[in-house]
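Below you will find the structure I want to go over with you.
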Amino acid sequence: ADAFTVAGRTFASRLLVGTGKYADLDETDAAITASGAEIVTLAIRRTPALTDPEARKTRNLLDVVPPEKYTLLPNTAGCYTAKDAVRTCRMARELLDGHNLVKLEVIGDEKTLYPDVSETLVAARELIADGFDVMVYTSDDPIVARRLEDIGCCAIMPLAGPIGSGLGIQNRYNVVEIVEHANVPVLVDAGVGTASDAAIAMELGCDGVLLNTAIANADKPVLMAQAMRHAVIAGRQAYLAGRMPRRRYASASSPMTNLPF
Amino acid sequence: ADAFTVAGRTFASRLLVGTGKYADLDETDAAITASGAEIVTLAIRRTPALTDPEARKTRNLLDVVPPEKYTLLPNTAGCYTAKDAVRTCRMARELLDGHNLVKLEVIGDEKTLYPDVSETLVAARELIADGFDVMVYTSDDPIVARRLEDIGCCAIMPLAGPIGSGLGIQNRYNVVEIVEHANVPVLVDAGVGTASDAAIAMELGCDGVLLNTAIANADKPVLMAQAMRHAVIAGRQAYLAGRMPRRRYASASSPMTNLPF
Amino acid sequence: ADAFTVAGRTFASRLLVGTGKYADLDETDAAITASGAEIVTLAIRRTPALTDPEARKTRNLLDVVPPEKYTLLPNTAGCYTAKDAVRTCRMARELLDGHNLVKLEVIGDEKTLYPDVSETLVAARELIADGFDVMVYTSDDPIVARRLEDIGCCAIMPLAGPIGSGLGIQNRYNVVEIVEHANVPVLVDAGVGTASDAAIAMELGCDGVLLNTAIANADKPVLMAQAMRHAVIAGRQAYLAGRMPRRRYASASSPMTNLPF
Amino acid sequence: ADAFTVAGRTFASRLLVGTGKYADLDETDAAITASGAEIVTLAIRRTPALTDPEARKTRNLLDVVPPEKYTLLPNTAGCYTAKDAVRTCRMARELLDGHNLVKLEVIGDEKTLYPDVSETLVAARELIADGFDVMVYTSDDPIVARRLEDIGCCAIMPLAGPIGSGLGIQNRYNVVEIVEHANVPVLVDAGVGTASDAAIAMELGCDGVLLNTAIANADKPVLMAQAMRHAVIAGRQAYLAGRMPRRRYASASSPMTNLPF
């Protein structure tokens, strides 16, 4: 079928989710289950169960997303330098018994949470040299995306909009540029606000979508998780199905070029 | 569950489809089945099986969408006057043993296939007086939509874009205005080009989506039919789930009002 | 030069302005002067100077926009029926010594202030039969626009967005459809919020733009009036100059059709 | 008045233009004159008059834009590495008698002509250390823009869309982010296709706009140059005037947040 492979692992679901901002562990559990996600990202620095053995003694996030059932994707949210991000990844690998798949984020600004692409390039090189499989959060700059692929990142994860904004895909041109040139999976990471945003990302040719706030901050997170599951499938199928051409009129064959709509 | 009721009939699916532009009856069959649609619209004047008993002697459209299995929605595509549309509906009712649910279209222009709302109002009044249940194709003018509801139409079906154009929803403002004021179902009819367009229509609060070309003219119609099925569910669930607010930044609570994005 | 003719009168400026919502007569005066407008519209029912001889005894709106200097365009704002609008126009003609140029508005909803196109058609027919030159406020429905031209309106004035909303042009497709088929001037009336909105209206091929709130409710109305003056000229010149084609790349000649941006 | 200062020089016009793609020197002359531009950018590698003394013996580009009349802005178009760009700037300074104002471009991809921001940062550092005033072409990444300002660039020039594409501003969010945080002038460079695009850039708060293809590739370049002149003024005045708030209805004060239009 239409499986998706990253870093040698193959998945049926193209929706990746996070674990932040939920009311409690039960809601986290219900929403993630409803989403159908197989890959779940966790902020290393904000997940005590990952870094503090004490935290594992009571019910914790790893009970909700057990490594036996999910592919964990530890991420470096909150790191502002390459050095910090690399150290954080190494800590996670140690605590997770050698797990070497990570999502690299080197943040450049605390408001937009946009990446610092220079530091991201430095950290990616170092992590890859150290044996990590690096899925990388980046801007939507196609030149930077190519560079990150060239140095060995196993997935490119451009932002669609600011993390936690729900503003949707700001620049379709750049997403298409990245998708068309990439030889590794491209996943939209950040900016999705509602189901149609996720569908659009997939229709642009992305291999997957990662999101968190859009589910966790919906009025009904579990129902929104279901919506996202359907939306990613819908967008993927529409991409593979080859959409009809846009036309000014049903009957006419006048070219659409240069029409202002 | 989240059922949808129109003219006293209740449906699980909120995706309505047409039968035009397919390669052959087999493709029509496969695509409609994949869409999960329960209501299928047929152009009375272009469906020989509806108007010519001879046409029923060999395999025909009614074998693909048998009235026992689907709710047929005969439509007046190709009618340019109220008189013509009314006569066409009466003919269909006679041929379909008293079936009185119709989709009224009175076309005003052969290129855009936009409705003539004046003639549509005249035809709707006459058909309702004559006992028809009228689902009505109209422009996205909220005032006209209200008038059509006032005279007794059982569903308002504004265009999102020109029929067969695939341009998507041109005016979200008007769709929201119509939805918020209507007490009968509102279904986007025309203009949907790909899955995300259908999801957006549902997220705006529409009760359903009717489409044909977006499936029939996709490179792979059956796969696109599946995409549309998921898209309508995704959009509906996202609407019911209550999407997260749009924010400029994840952390800040600055109002979005007046920001140009 | 590039003059604009309506109802036999020719104008250099393609920006028409209203007189509402200003702080006082001085601001009205300064803003209208700065706009360079030659046609000024006044709401008959809200302009005491038009309907009450007493009101002309002290400084009033007609001192700011004297008929010797401006072409007055009395409008029927606030009228909700054809009958009301026709009566209001007749009253204005009497009070303005036979002035027969009017802007017809028949409002259908007090929130959106959208037109009631059915009543508008009735009123337009009656006013034209009675010798008025009717510039008509309407929805952006191209079929209704054609009908209004057919019955003799001397200018078609589709809304770009709701009156007083500043939301900009909601449906470029419809504006282009109206422009391409019209043989009388088409002016965008309502919805303009800032200078670029006015420029876009002109680039779509409109003959002019009418606005009021965008100037009167700007922080600095007089400066915004200047901005609008330049914007209308810019948009008109860009339309006449024939813009460059949209291209995906500077160098390539790949068609833009079906690209999602 | 509302002057614009960069690298210690003050200008009345906020429209900067290039010299490429014109039919001949006369058209170049007429268009640049009509644009009212005071700063003109020239590609060092494509302007023989800048690099080859022989080329100055006959009528050449420097006759059309004499340094006595215009502020020349030599640019490094066609350079793909920092080293190349630095060498090209030094050559231009020598040939132009010590002129040290340059526009730095380090291109990362020959199709999109997007910048390579890593190489751009390297080149900017080196040029600034060598005494150049560097106006810098960059992506719309706000973090990179801040870095370029931090190292001493005298103007930040984010692309609105791909060079020569005419696609308009792809990401308003990023342009606003850059503008709000910058303490040096921000000028949109690349992507403008028609007058309203330039107006929008200015309304977003940019200090100026640089464009070339939109004028040179219009059907009537001189008329489009006039359009751009008016558009930049219109956008600037609208920005300073403070636009009216966007509202759903003229009368109501309901917040616009979370409305889908």
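Letters A, B, C and D mark the chains in the order given here, with residues in each chain numbered from 1 onward.
We take it that contacts are C-beta pairs under 8 Å (C-beta built on N, C-alpha and C of every residue); 3 or more make two chains touch, one makes a residue touch a chain.
Source: prediction; values computed, not measured.
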| request: Walk from chain B over to chain C along touching chains and report the minimum step count. | output: 1
| field | Chain at maximum distance from chain D, centres defined as averaged CA atoms | value | B
| A-D versus A-B: which has more C-beta pairs touching? | A-B
| CA centre of chain B versus CA centre of chain D: separation in Å? | 48
| CA centre of chain A versus CA centre of chain D: separation in Å? | 34
| request: Indicate the residues of chain D shared as contacts by at least two other chains. | output: 112, 162, 167, 170-173, 200, 203, 243, 245-246, 261
| note | Touching chain B in the complex, chain A uses residues 110-113, 162-167, 170, 193-196, 198-200, 203, 213-214, 217-221, 223-224, 226-231, 233-238, 240-252, 261
| query | Residues of chain C touching chain A in their complex? | reply | 171-173, 176, 200, 203-204, 243, 245-246, 255-261
| Inside the complex, what are the residues of chain B that reach chain C? | 108-109, 112, 114-118, 121, 139, 141-144, 146-147, 161-162, 167, 170-174, 177
